[in-house]
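Below: one structure, written as structure tokens.
Labels A, B and C are assigned to the chains in the order they are written; within every chain, residues are numbered from 1.
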Amino acid sequence: MNNYEITVGLEIHVELKTETKAFCRCKNQFGAPINTNTCPICMGMPGAIPTINKTCVEYAIKSGLAFDCDINNVAIFERKNYFYPDLSKAYQISQLEKPICINGKIRYKLNGEEKFTRINNIHMEEDAGKSVHDAKLNKSFIDYNRCGVPLIEIVTEPDIHSADEAVATLTSIKETLVAIGVSDCKMQEGSLRCDVNLSVAPKGSDKLGNRTEMKNLNSFKAVKRAIEFEAQRQINAIENGEVIHQITLKWDDDLGKNEPLRSKETSNDYRYFPDPDLLPISITPEYITRIKHTMPELPYDRKNRYMNVFGLPKQDAETLTSNINVTNFFEDCLKLKNQPKVVCNWICTDVMRKLKESLEEEPNVSISAQNFVELIDMFQNKEISINSARELLDRVWDTNESAKQLAEELGLKQNNSADDAKKFVLEAIANNPQAVADFKSGNQKAITYLMGQVMKLSKGKINPQIATQLLLEELK
Amino acid sequence: MEITTELVEHLAELSRIEFTAEETENFKNEFEKTLHQIDMLEKVDTNGIELKLNLLDAETEIKEDIAHQSLSKNDAIKNAPDSFGSSVAVPLMVD
Amino acid sequence: MDYTKLSLLEVSKKIHDREVTSLEVTNQIIERIKATEKLNALNSYNFDEAINVAKQVDEMLDAGKDLPVLAGVPIVVKDNINVLGTKTTCSSKMLENYVSVYDATVIEKLKSQYAVIVGKANMDEFAMGSSNENSAFGPCLNPIDSTRVPGGSSGGSACSVGAYQCYAALGTDTGGSIREPASFCGVVGLKPTYGRVSRYGVVAFANSLDQVGPLTRTVKDNAVMLSAIAGYDEKETTSANVPVPNYLSEIKNSIKGLKIGIAKEFFALGMDIDVEIAIKNAIEFYKQNGAEIVDVSLKNIDLALSAYYIISSAEASSNLGRFDGIRYGYRAQGYKDLVDLYVKTRTEGFGKEVKRRIMLGNFVLSSGYYDAYYKKAKKVQALLQKDFEEAFKQCDVLLSPTSPSVAFKLGEKSNDHIKMYLSDVYTVPVNIVGSPAISFPCGKDSDGMPIGLQLIGKKFDETTLYTLANYFEEHKGGQNE
């Protein structure tokens, strides 16, 4: 592996989160009953004509802006002609000669190093329908709800040289596009799909090897495994003196390997030509500026702001921006309690702990910012101990009952009275003469034991800092 | 230009149409005649002429992202030669 | 009284004045259709629905309601235009049993004006042809001489009007498919400016060239129909946002000062002697009545036919991809797998001419040939547009015959597709540049077959075409002479 350089380019398809489809006004809706969001246009019925959806164009431009792309001043749609049952018009409306965005960078950090993957182009196109196959009946069944759903395809340059870089690139794409609100980017729902083009060449060679294309990668993990597998497969083949053919492979994540796609690719001659039903779209600088003003802060810039302005450690900044729900939660909390470091600490330890318990890929924060901030306030005001705070968080996590109220009801509120503390301290000293003796003879650990006893006696209610102070005084 | 049988077969595949050997031969001849007609364009000087993408001289109007009524699922598959439930049915699509 | 021979305006007036009911007129039309069935002008009938609408119109008129001119008037629609609930077959086996699930925009307009749609007209399959001999349901016959073709592709529409089966018909024109049959059947046919009339719901042949237009027996009837169907359609990107005048009231009574351009290169393309005589007489007529005849040049006109076949076939090959037996239409039997389904369906479902155009289209778009053919043709198109723009600086309209000949005999050209293509030389350039053009009868040949005169106008100036055509019709006589 070490004698070879892996070169990877990605083709990423992203479903845009618009209300309606790209070229008709049927709903763009995941999971709708079969064939209930179709019309003559997306069903490819005779006589139907497409018209372009405004939001598609805006989202495509937004995506381009988010990755520092140049936005072309005119966008042209072309027809990509081929036959397949899920392609209702026997052509896909796509872009070839004048994609809406060109050039650009996907920035990411890997092992502390700032890197980027260049973008060749981002273009608009439409999705095809969905099919399910029944080998027993020897039939396939097609649902055209997805046919016509708007996509952008991001085509990267072959700048990626490892599976980790590929995953980091994809992660950055996902974070960015979710942050600007153009897509859910859920690989498991198909709103983010990735094809991998991979070739290997001896290190130091200035020529690229023949590349293969891999499809059916349904998670970031699968992308990583597939790249590692295919790179090794190609290397093995080359070492065996075989030639790498430019073929398309299908990844099987269960088996952990790929195999050539069985369908005979009869012809890749897609006969692209400008779609005569659609006129060119003029994209003026004013239009781009207007869209720029609606762009939210990008995750990469946000991360830097958290580190540079709030002074948060890098690791925490990354945690806060890794999940849009967490980012939004953090920002909401800051509106109520402008102490970034404090809020950050609480989120990074306790909220993240709760989120890790969830099975979902992108779990929601199940407590309101208001409630959470109140909890932090109670701790900061020494009304509750850290353990009580954690217990409360666990209990209100899903229900979002008022932490304040629950603290009262459960009697979790901390007792900050020094007199009460003193009582328990004296009781603990009286009950544990051996420990006292140990401490006085130099055993520091005995203090911990005695504190434990104090907390036990007080049922954890007294303020541990006050109790510790008093204990030490008594033992002098 | 010369039309070969291979070319006709390739075009037939692109078109998903089948011709008998005789039809292919006839087609070759017809095609050559047609091409001879349209080949005259080759001689025309079109340097500096810009392609006009559409006769309207206008720009595309982009439409508001507002949902309209879709077809009922019955109408969607009403004309389908084979259907199963609400889906359109076809022979097994081998990937 | 026989109302079938009246013009659209005449019968409309009689219906609206309650001299006759729409129902009675519709019934007469139905009888006429049945009596002239052998012309094979219609693929399907819409009689039940037609009678319903006629009755509805009668009720409304009796109640004193004010209705548009077309209300209660029987119309025929070419069978490549979607009319909800009717079969829209494009005269192809591929769509033999396809039932429309929506109305084309032009049909929505006609229905909102309570027009009575009596049937769907025969045509060349998928609008590809100039004689209506390429129909899967048998050829349509010329209403004047049934041994001849009615022209195409809107042969059924033209025949229907000429045979008094309706008062107007909708056709489509991509390379002359309204004008040529109009000239062969002795009726008036207009191809509007590209973008003037909505294409939404009209089965596409060549999206950048197709237009829907009216065929009628008189010029004024045609003007009424155009106003009824024209207008911006937000469902069609290539629809022009230009206001629709009342074309009827815009027709002027004088043609003095109008400049008629004669392009020598156009005339050099050749025509039959009878046609030449009729055209020359028409030019003379216009000159004597105050129009100015101007010599202009269309120096690249001989390239138009080639550019047309490249562009239209390319677009058609892509448009016809959707006819695959999957979601609707014909699906072959006895296929062994999916690939076989596609091939068998399309081989069995399409006729010879359609297959020829699909193959040609795929050729000019395929890699290696795209630049030399398709891109080149588009550039030639731009050249031709320039030529016409220059010519129109010196004249208001261009004049030519619609076709080099009168209606030819059935079978005469059907075995020689090049000969067939050449009959489009005068009409095709008009679609290439997007101008409007009208064809109307200007004489007859020695066998009594009608000869069509074509006037080509500036974009969105259908009015001048109507003025000149109407003037000729009113002073020299129209179809009935």
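The rule we apply is simple: contacts are C-beta pairs under 8 Å (C-beta built on N, C-alpha and C of every residue); 3 or more make two chains touch, one makes a residue touch a chain.
Source: prediction; values computed, not measured.
Chemist: Higher C-beta contact count, A-C or B-C?
Modeler: Looking at contacts between chains, B-C has the larger number.
Chemist: With chain centres defined as mean CA positions, report which chain is farthest from chain C.
Modeler: Result for the farthest chain: A.
Chemist: Hey, how far is the Cα centre of chain A from the one of chain B, in Å?
Modeler: Each chain reduced to its C-alpha mean, chain A and chain B end up 40 Å apart.
Chemist: Report, in whole Å, the distance between the mean C-alpha point of chain A and the mean C-alpha point of chain C.
Modeler: 56
Chemist: Between chain B and chain C, what is the gap in Å from one C-alpha centre to the other?
Modeler: 23
Chemist: What positions in chain A touch 2 or more of the other chains?
Modeler: Only 40, 43, 51-52, 83, 85, 142, 144, 269, 271, 276, 278-279 qualify.
Chemist: Note the residues in chain C that touch 2 or more other chains, in rising order.
Modeler: Within chain C, residues 98, 101-102, 208, 234, 237-238, 317, 324, 326-328, 338, 342, 362, 366 contact more than one other chain.
Chemist: For chain B, which residues are shared contacts with two or more other chains?
Modeler: Where chain B meets two or more other chains at a single residue, that happens at 10, 14, 16, 54, 56, 58, 60-61, 63, 71, 76-77, 82, 88, 90-94.
Chemist: List the residues on chain B that touch chain C in their complex, please.
Modeler: 7-8, 10-12, 14-19, 27, 30-31, 33-34, 37-42, 44, 46, 49-52, 54-56, 58, 60-61, 63, 71, 75-82, 88, 90-94
Chemist: With touch defined as at the start, can you tell me which chain C residues reach chain B in the complex?
Modeler: By the definition above, chain C touches chain B via 97-99, 101-102, 194-195, 208, 234, 237-238, 240-241, 300, 302-303, 305-307, 309-310, 317, 324-331, 335, 337-338, 341-344, 346-347, 350, 355-356, 358-360, 362-363, 366, 372-373, 375-383, 385, 417-418, 421, 433-434.
Chemist: Within their complex, state which residues of chain A touch chain C.
Modeler: 40, 43-52, 79, 81, 83, 85, 88-91, 142, 144, 269, 271-273, 276-279
Chemist: List the residues on chain C that touch chain A in their complex, please.
Modeler: For this pair, the touching residues of chain C are 80-82, 88, 90, 95, 98, 101-102, 104, 199-204, 206-208, 234-238, 314-315, 317-318, 321-324, 326-328, 338, 342, 362, 365-367, 370, 374.
Chemist: Using the touch definition from the top, list the residues of chain B that touch chain A in their complex.
Modeler: 10, 13-14, 16, 53-54, 56, 58-68, 70-73, 76-77, 82, 84-95
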